[in-house]
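You will see subunit A twice below: alongside subunit B first, and alongside subunit C after that.
Now for the complex of A and B:
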């Protein structure tokens, strides 16, 4: 028993191996660490991704491995390098992560969010657009918008997102500098005065779910104002961004009319924040084929997934391709799995797995699970 | 002859015999026990008997003989009839096929039958056939005793004379080889290393095959004894001296027919060897596979890589021959495939890769591939749905009322 514990401890803290790096801060990582795993602090990962943000299967795996390890990969490093070297006083630059299913777009985004958190950005992170518009339960709580004619609100989703926003920006929201610029009147009795801290606005949305969508609208406006005034710098991350541009949604009004994606008030809010008419911001979005229905999954390229409308909306953007594992990345991943006792068996197993998974990270993870 | 004298001496003193066999292996004792009677009934001795019994009875036919003669006559007539029918049938067939009946051989008959009665039945034994009657009807033993009812064979009363004769011969050969070994040791010579018997490529006859050869029914114990004695015989250092005897009871493991037909690889303009296999098929899938020899393990299926197949099983099917031969990083594979579904396409590619890899592997690997079933084509097709039931074989749920 003791020896097993000792072995486990040795394994857990065996930082001195070829597949790990001790450099846990994404800002400090460089090309030498490509393909190596770094372990995120437990509290931090709970804070950043406790409300979503990591894929479900990966969350399961982190629970099994008792640690949140991310691989340092080229696309993430490239984007970090770009963010570092770009001038934030220029209009916000938009990065679009794209790639095949299961290559790690969402995890690259998680890596970038970690970087943004360490670098003091205000994080506006949407973990899954498709959960709002497409992969929805049959009876979704929705209501017609009070303030805007012909729009549909998703109050529960909006409130959940505000909670996520709050937990991701716990530290920054305590900052007294972040004040709202104008007064918001929600109802006869409820108002948020000008000059109140931004946290109040968020709290209002969480407490009064009915107004959550309007709060998000206001929040987006205020964040843009604050960024423009150099009060804060903002990192916008949207996972499955192309879902906003797929014409239909699976929502339907009580009269059985199918809701179009542009009729959802959340869509307009996040379209607003992904425009580049503001500064002091970084916008990273991912486009993925699995967040839209089967009939529109023929290609993973941004132009196809975003349609003409979305492509023109984002137009000057930096496309970043997330590719499958390279030879080295595959080997480190395999040795990481071996270290976690997730993968066992002879050495020849790896070459077979490599061929069978075609170096696709998700497929590799799936294949290793029953081994 | 000396052997005969020795054993007959033993018979005179039964106690020595007992002691003699006691110290040996109990199984060998079995064999000796089977064969100890035979030595007295050697052919020479047999001829020396005065056949006064027969003489007395003046060639009176015994009861079993009469019964046998009746049966034999019946069988002969039956076979004659069958033979006649076969010959007639063959002539008809030859006329039907527009060939000369005189030169129409069994091979032509088989071909004609296959042409006239095409059958998709998977098991070849169940397909229509036309064979000479001696192949179709099992051989029967000829009379084992003369007209006086006296058996010809010295082991007749064991009930299975051919089988026990085999064991007897084997035991005798063991003794002879041991004597020879003693002689060699006395001369201080060493056994010839080249003369070693190679039994890797062959197997002992199975029980059914042995039964067919001996025309006698055997039980499991007897078959085990046969294997035991033959193993022992084959393990002796000078067993190559009786190679013919041993090989009569062995069957080759795999046929070597692939050795002749393997195509030589062609060379493209970059000097790379390549082999193309056409007509790779399984289920409804059809395609061709090209293998380029110095490669890096690149697999191209209809212009895509292995992600052409989404499910793991199909991918495993495709890479299996490469992994089996250990060439997964040494060759490039290019496939064009169409028709059917993923599993059919994967199976067709698997066969195509294995078939093409024959040109790049050595002989032992070829045999291993053959044993692994990589070179066997899967001719199974989808079975049609039958009317009155929900599927090909599935019956409606049984309900009493």
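Now for the complex of A and C:
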């Protein structure tokens, strides 16, 4: 009798792996919390990622799990540590997150954005480049740029991005210090005078969708100026950055000519902000093979995905590899799934799933789904 | 000589590890060979479940089977923890044109939908009693649904005096399982074009597990018909 009780207690304790941490602020997290899940505030996640930024499958999970939880992982902590210890008065440092499909590059980026938000950075976050250039519907709203010869505008996407930018930086945009340096003339009657707040510029783009692309261009210039003048510090995050360098896009002009990616005005704007000719900024980009078509998915390494052009554009950068789950991470993830009722069944299941998923986070989640 | 014994030993070991004679033949685990296979009749069906093998070891039957020839287990006959013969059966019924991978993905997607719906219900439930009533495992939902859909009687057309009578009679276990799965799939396929199969299948399974819905009604209709035709029952043997 006693031995059975003891066995039960032992089993309960062995199952009871700690998988949560109460430390919800990424700036405070340290190596002790690696592999543990922290829960993001509901309002905050809505504010930061309400308009995109988290993968679709993950959004589904947040609904099922009734919370937005992220695992604290080594790559994110490394980058945060680097950002903390680097001197922002030097030219902006670029970090490139890379790794296999499904290892959590986008979620690492989300973690970093949370950190940037808490630390008072102005966030310039592009949730999915591939939705602009490659994974597009057949009839996409596009027009020839009126200000730049030979360029193509994506006004609706640009306006949607401005909305995203606005919702991510609600607090900072109210800051009176953020003023624009020069006058912008949009048409005969519409101008944005010099010294107007940055929020006005954003509003202009949202209200007049026609000029959204030009507004983004101006916004990028202004953000760089403001950062250079120490008015704000900026965190640039681009998901699927390599899509900018894949030569073709799926867009075509009314004359059936395929648009090249460098002919899209949004590309030039975001290429501009990822240069390191400005200070007070941090640039984190991810390169992922699924944002480009199948014929260019042979490797997930940055040099292959960015081509020579993109590699030289980003050089020098800090490569950060996002890897599959380690032993411990897998265990905590499994117990988290068990807690959220996502994974059920006998204990042997985990070892089998571990082999079947090869510790790939996304595959693990997928394999758990029908169980 | 030494070589020969080695080969024999190897063969026995490989057979033992993969399969052993299946003494308790279950309906769902029998493989159906529609055409002559390369294996003669005296080849036995494989025993691929660890539990069954453990039973053999316990009863000391393993040594008897060491020299018996066996068919190799199919790719879906695994000793995995998630192996389930009924699920396998359903997948095979969903399959069209031998596209098993697609069929499997559809059934798994339906399971995922069931799971999401049930977890959502679980979180919405307020009292522990309500929570304990919700079946969270999609496989259990499927088992319950099939159990609820199995008919107990069937009607067979029998011709007497130029008139065909629908005569009620008992049904075999195998056929009632077949009908249950077939009806569930029929109900799931009866949908709008905009609704996907996994979604509809999930709803049908949940309904059937709850003892409501189209399929259970179909079963009850059949029972009612059998009850109405009980006067013809004697035609079965006359």
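Here is the rule we go by: the second predicted complex is superposed on the first by the 354 of 371 C-alpha atoms of A that agree within 3 Å, B and C clash if a C-alpha of one lies under 4 Å from a C-alpha of the other, contacts with A are read in each partner's own complex, and residues count from 1 in each chain.
One rule holds in what follows: contacts are C-beta pairs under 8 Å (C-beta built on N, C-alpha and C of every residue); 3 or more make two chains touch, one makes a residue touch a chain.
Just so it is clear, the structure is predicted and the values come from calculations on it, not from any experiment.
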item	value
Partner with the higher number of touched subunit A residues, subunit C or subunit B	C
Which of subunit B and subunit C A:358 touches, first, second, both or neither	first
Which of subunit B and subunit C A:345 touches, first, second, both or neither	second
Partner chain in contact with A:316 - subunit B first, subunit C second, else both or neither	neither
Contacts of A:64 with subunit B and subunit C, given as first, second, both or neither	second
First (subunit B), second (subunit C), both or neither touched by A:369	second
Shared subunit A contacts, counted only where both subunit B and subunit C touch the same residue	348, 352
Subunit B to subunit A touching residues, read off their complex	297, 299, 305-307, 312, 315-316, 319, 322-323, 328-329
Subunit C-facing residues of subunit A, complex	60, 64, 66, 340-342, 344-346, 348-349, 352, 369-371
Complex contact set, residues of subunit C against subunit A	80-82, 107-109, 111-112, 115-116, 119-120, 122-123, 136-139
List of subunit A residues in touch with subunit B within their complex	100, 348, 351-352, 355-356, 358, 360, 363, 367
